[in-house]
Structures are given as structure tokens and as C-alpha cells.
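To keep things clear, I will list the structure first and then write my remarks on it.
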Amino acid sequence: MEGARAMTLNVDHLAKQFSKNGQETVESLIDINLEVKDEEFVCILGPSGCGKTTLLRIVAGLEHPTSGTVKIDTTLIDRPNQKLGMIFQDYSLYPWRTVNENIAFGLELHDVPKEKRDSIVKKYITLAGLSEFGNSYPHELSGGMRQRVAVVRALAVEPTVLLMDEPFGALDAQTRNMLQNELLDIWQKTKKTILFVTHSVDEAVFLADRIVVLTPRPGRVCEIIHIDQVRPRDRTSVEFAKVRRHVLDLINQKCSLQ
Amino acid sequence: MKMMNLTVIALVAIALVLMTAGCTQPAQTTNSTVGILYSKGVGPMPMLLATHQIDGYIAWQPFVSIGSESLIGKVVAYSGQLPPDNSNVNHPCCILFARDDVLTQNPDLVTAVSALTQVSSRYINEHPAEAAELEADFLVGKGNFTYGNVTVSSVNVLNDAFPTVRYTNEPSPDWVNGTKRFVNTQIQLGYVTDKLKNATADQLDARLFAFGPYQNAKQQIASGAIKTPPKASKQITIGYLNGDMHSAALHIALKKWQYFNDTYGVALKPRDATQTRPEIADLIVNGVPVAEIKLVGGDAGPQVMQMAATDVVQMGYVGVPPTIAAIDKGIPVKIINPVNTEGSGLVVDANAPVSDWKSFIAWAQQRSLEGKPLKIAAPGKGSIQDVMLQYALKDSGITFKETS
Amino acid sequence: MNRIFLKLASVQRRSFLKILLPVAIIVAWEVLAIVLNNQFILPSLQSVFAVLLNPTADILGNGNLVDNAIISLERVIAGFLVAAVIAIPLGIWMGRSEIVHELFDSVMQLLRPIPPLAWVPLALAWFKIGLVSMVFIIGMGAFFPILLNTLDGVKGVKKTWIETAEILGAKEHQILSRVILPGAAPTIWTGLRVGFGIAWMCVVAAEMMPGTNSGLGYLIMSSYNWGQVPVIIAGMIVIGIIGVGFDYLFKMVDRRLFAWRELER
């Protein structure tokens, strides 16, 4: 990870159609173009059903586009790739494994020797602030704690890009805010590129360098907004409210039209 | 005047019509019926009788003796006494059969088994008390039977039963005729419909019997030397009926193998002497083990014949009617020789107003009139007991139908 | 009565309830036996206990209760293991591949409702008399619960679990061993528990086949053949106790290893 290798994630003319009952085709995404630069924090914002989760899954290599490509630098992404880590909304922790064992999962898959594994796990569990819970099971943890484990589990195999699908959607407002701050913290420490899907304007404005606003189905890129505000951003500031207003207007007007 | 004449004629005509109508009406017949219940095997019969779910049962020994010894029932008639009068004395009962392929491939083996059966039967006839004890051991480890509040010793039961079974192996002309009478009976009852139904006399003989091995064995026993058969290429399975003492010759042979080995040079030596009913034995002739024999008990004759059809057993001791029915269906077996005659009986509830067949029929008619026809249990459709009962009832003018 | 009951601690309460019904049954049995006074309809408790409390006494030349119970157990375990060894991999395969599932599905649905006893004549004809045909019958009993539960468990593995593994770089065999198997394990274990129970029920059916000379099922049939009702009931009780015992063992393992399943919900 050293060196000035600036990675670029490119989404080119991506489209996705589903066939319903084998006859009708439903268009989910139309002509998505996106360039994500190294260490960027990009949010994909849109109403339910606009295809943002589908877009993320295609970027992750879990689904195939009907047309168009996803590339990291020159590598075509058509199947899951270790450079792209993913965090699901339901955390998807393995309930039969302890926290330590969950974090170690990816390392086990690649036969990383035990000693090295243990030290990596220790590093990341500390990053998550959960050092005392190494031997606990996911069902013994709160929602927020589980999500932290999910994040560091993905980080343990050192992906370049983190894909996050509404990861804080199931949490209460307080925990969500706390985790948003922690995420920014981890992002700044680990210098990952993050592609973050959400339907919450507040969340997007708080977290992102850029916000990609999608139209309702079929999802198109309506607008891409740059947010220059310095972090940590103050949710109560006038600046913040202005940006929020702007984004909301976009969603309600320009981006809700086909 | 004319009106009157017409009326009279009309009335007379009507009267005539009514009268002739009355005459041509069929007379009322009372059909007495008995229900036959097929319980799989004879085991449940004493129980069914004791709980009054049946009124009687016809079974092979020792279940007739069990019925009377345990005071649950009393004997109406032994099978030799069943009508049609005198036709059932010495009636064929159980036989030894062998599959055609065994007969072709190793006839001397079948001869040896027949020889062993013959010398064992002789032993039974000469030592009935010892045979009773050995048979009680084979069947139930000489244990006691508890029926309700009565406990009977199996040895006592067998002692009571043995005299009612005739152990004989000679396919005399009488016996052969008796067997052929069974064929006719079964044809009438609809149990024989195919290969034996329209067979000529010669065809019948050829299809049913293969007495060669028996005759050879008889000669060899008389001359004091049994011919050693070639070693069997694979295991031979011999079937017999569970809880049935008609095949006592087989059982005694197993229990007293050493005696038969020393006296006649033919023996069935169990591999595991501790088993009450040995499963594997060696057929030893003149000191040479010539075959590994597996012994399998079946619940009823038809079941054993089904196993013969699928080559699960190659020889067996079963009743004549199941064998006849099997041959009729095309199962490739032949009757080698008889192993016993008679040895079954009809038992009714201890409190029934019956002392012999005549009073039994009267009772059947009475109960039929009352609308509660008798229920008699028989082991398995097509078994010899079933066939004999049906024929006897028919002869006495009673109809029967299967019941549950 | 209620007051005493409420005063007991919760654990004691549950134990009390558990033994209440069996005790009531025993009492009712004794009373009925005396009233009916018919050993065939209801043998007295003593006669049954006489058999149970003498488990090493020979019964009608068939050996004793203990030996026969062990023989039955050996057979059931053999049949059960054969069924498991075939059903679990097949279930996993069917669960992972839609094509394989479709291929086997119609045949499975056809065979499933057939009671193991119906297979006896065929088993005898194919495998002759002996352990193989018995293992076949017992195995047929255990097979479908194990197969269907395995299938169910595999299909029930969360898609995101599998996708997480794929993203982290797992190969197919690793997905199988580290996600599918542990994820499906609780359901598979339930299938094994149910399958064993059914296999154990098949003991009587399997040991009814001709040529069987031993085992609890045979003991019961033989006693039936001689009308010895107390032995039949004693045999039934032993079968019941062993069945309960094994079910309890399965449940204990489930509690220990698969606690996470309940708490996941």
C-alpha cells in the first residue's frame, strides 16, 4: 500500500435490466458513468428502488451488468475481487465465530500463518475499539458493535475500496452518528476509497466528498455534487444546512423527473 | 248375469295368479356363515381367543396344545378328524421342497438333506419324550408360557402335542393322492388357476414331485452309507416356519447333530452351539463339510414360497398347499418328500357349547341365525389350515367369507 | 395444591411437571389392570416389571433384554450412518446446484411418503436375508429427514454470508467448508436427530423380516408369536426409553454447539 499508486475506479456506461417472469424486462439502471479517485469518499444517494444497491453489488462483482463495465485501473471487475471489500446492511457476521474469528476469516482463507493472523486481528480489533470483546459472539454485541466488526473484518484483508450498502440503516440515530464519526476516523487512518450507498441526505452530506444523486427507477446519474466542507462537519452549522437544502431540492425536483 | 260371470272369472283369475305367484317364489334358505380371519402366523391366536375377539382358531401344533393346556380353549377336532369324513386321516401336511436349480446342479445334496430328514423323523418316533424336550428347546429355549394367570411349561405343551403329529416321510400312493386332492380343493377355492389347473395326470406328477432324491436317500440309509455330495458352490438357505413343530425333523437334526453324524454319517452341525435356533450350520456327510447352510424362519408358508421365488431360500419345510400354489404360479420348486401328516387342529373358546365337529357346526348355525357369525382365525390365506377349514365348512354346508 | 406448586422454584416446577404424567400413568395402569383383570388386554405392572427388572434373563430362548437392545442399537446406528453419509452430501449438492435439485426432486418426492416397511419385500429380494437388507430398511427411514433438513439448511444459509466469503476471496471448497457447513449445521443436526428417531422406530419393522434372530424388534415379534404380552410391553418400554435417551443426547449437543441459531433470529 506504499507508494503513490493512485487507483481509479471507473464505471462506464453501466446499465442493468432484470427480466420479470421471463417476459417483461425492468430497467434498473441506465447509463451510469462514474469515476472514483483514490482515497475519495463517495456517497450514492437516491430513493428506495432507484437501483443504488444493485449498482453497488455490480461494482462488487456480485452481479453482472447488462451492458457497460466496472474497472479498477485496468482490471475488469466481473466477479468478486479482493480489492473491493463490502459491508452489508445486515452486517453478515458469522454467528458461529467469535469476533476474533470473524475478523480473521479473510486471513484464514489465504492461509495466513497463525501468528501473523493474530497480530493483524489484534490491530484491527483495536481500531474498532472492541479489544475486550475478542472472544464474544456476535449475538452478544449491540448493533453498533457488530457493524464495527463487519467493517474491520473487511479491512483486515486490505482492500483498496470499501463498498458499504446502507450500513447504518438499522441503527438508532445516536449510534448512527457515533459510527459515522468512527467511520470517518477509520477512513482517514487507513486511507481507503469508500463508495457508500444511502438514502439519507443528512448522512451523505455529513460523510461525502462527492454525492452521486440517482433518479428514481430506472436509476440514472442525475447530478454529482462536490462538498468542499472541511471535516469534521458541524451538522448544526448554516453551511451544512445550505448544502442539505441544495441536495434536497435536487432530489425533489430535478432528480425526481424522468 | 253377464256382469256377475265376468266378475267371478276375474276373481278366479286373480286368485290363480296369486296362488301360482306364491308357488313360484323361491323357498327361503338360511345360509349359515362363518367368518375366517387371517392372522399373520399363529402367534396371536391364543391371545385373540382369550380376549374373545375370535371364537376359535385353526392352527398347527403346538398351538392347539397351547390353547388347551393354557385353559383358554378346547380342541374341537384335530385335523385328521375334519370332514369330509375319513378323507383327512393321514392328510398330507408339511413337506420338504427344493428349487429346480439345486436339484439339477447338486441332486446328491438334496438326497443328503432328505436322508437326514428321514433318520431324524425315525429318531423322533423312537424317542418322543426326548424329542419333545429338544423341540421345546428349539422353539422357546424350554421357557414357560404365561397366558393370563396360567403358566404352562413349553415341555409339557410339546409332550401334549407330539402324539398328534405323524412324522413320516414316505410318499405313499395314498399320500400322493391326498396331495392331488388338495390341488383339486385349491382349484375349487380359486387358489390354483394356472399351470396346475388344466394339467393332465402325468403333467401334474411331473410338475409337483421329484421323488428321486428321496428314493436314493432311502436306499442309502438302508445300505448304511450315504453318498457324499460334491461341495456346494455357494451358501444354501433352508427355510422353515417359525413356531412350527412339523419341521421338527430339521430341528432335532440340529440339536442332535453329533448323534446323526456318528450313527448315519450325515449331520447338520450348527456353527454357534449357543444359539437356541442356529442360523448357520454345516452339512457334513461322511465327515466332509459339503455345504454351508443358512436357516431362516418365516412367518407363514406363502412367505417362505415368496423367498423361494426370489432365490432367497433354496430348500424349505412348508405346508403342501403353499407349495402347490407356488408351483401353480410357476415358481420353480419340487416336492421332495413329506415330513409329517396331520398335526393341526381346531380350537374354540373354552366356554363354547362344543365338543366335536357336529356340535361346532350346530353352534355356527346358531350364531349365524343370531346375526353374530362365528369368527375363526386361520394362519395365512392358502395355508393348509385355511384350505382344510374351508373345505370342511363347505362339506358341512356352511359358507364362509374373509373377515377382519 | 396450587400454593405448594407456586412456592417451588421454577426449576423444581418443571421437574415436577415432567414426572407428573408418567407417575399418573403408572398409577392408572395399576388400577385399570386390577379392574380389568385380563392379562391380555392389560398385563399387570408387576408382570411387566418382572421382565424389565431382569434384563439379563433369557426370554423364550431369544436371549436377554440387554443383549437384544445392544444388537438393535448396533443395527440402527449402522443404518443411520449409511443414510447420513449419503443424505448429507446429496443434500448439500442439491442445495448448491439448482440443476441437481431439479434432477432429483421429482424422484425424491415420489419415494418420500413410502413407509420403510413397504420396502421389506424388495429389500429381501435384492439384498437377501441379513444385515444389508436390514440396514437398507433402517436407512430408508432415516434418509429423508436427513436429506430434506440438509437441503433446507443449505438453502437457508444467508446469501450475504456466502457473498462476504466470496468478496474476501474464498474459493468454492472454502465456501462449502467455512460458510455452508457451519451455517447449515444446526438444521442438519435437527435432521440427524429426527432421522435417528425414525430409524429407531424402524427397528421393529426391520427386525420383522424373516431370518432375523435377534434384537428388540425380533423379541417383540417372537413374544407376540407366543402371546407373551408382558414381554411385548417391556420391549416397547425399552424401545421408548432408548429413543428418549438418544433424542436427549442430540438436544444436548444442539444446545451446546448451536445456541447461536436461536439468538440469531
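We just call them A, B and C in the order they show up, numbering each chain from 1.
The rule we apply is simple: contacts are C-beta pairs under 8 Å (C-beta built on N, C-alpha and C of every residue); 3 or more make two chains touch, one makes a residue touch a chain.
All values reported here derive from a predicted model rather than from experimental measurement.
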Touch-network distance, chain A to chain B, counted in steps: 2
Innermost chain, where centres are averages of C-alpha coordinates: C
Chain at maximum distance from chain B, centres defined as averaged CA atoms: A
CA centroid of chain A to CA centroid of chain B, Å: 84
Length of the line joining the C-alpha centres of chain A and chain C, rounded to whole Å: 48
Whole-Å gap between the CA centroids of chain B and chain C: 39
Touching two or more other chains - residue numbers and ranges from chain B: none
Sites on chain C at which at least two other chains make contact: none
Residues of chain C that touch chain A when the two form their complex: 158, 160-161, 163-171, 174, 178-179, 182-183, 185, 260-261, 263-264
Residue numbers on chain C that touch chain B, as the complex places them: 38-41, 47, 58-62, 121, 124-125, 128-129, 210-211, 213, 222, 224-230
Of chain A, residues touching chain C in the complex: 60-62, 79-82, 84-86, 88, 90, 92, 94-97, 105-106, 108-110, 137-139, 153-154, 157
Complex contact set, residues of chain B against chain C: 41-47, 50-51, 66, 137-143, 145-149, 237, 239, 242-243, 275-277, 279, 294, 296-299, 303-304, 306-307, 310, 312
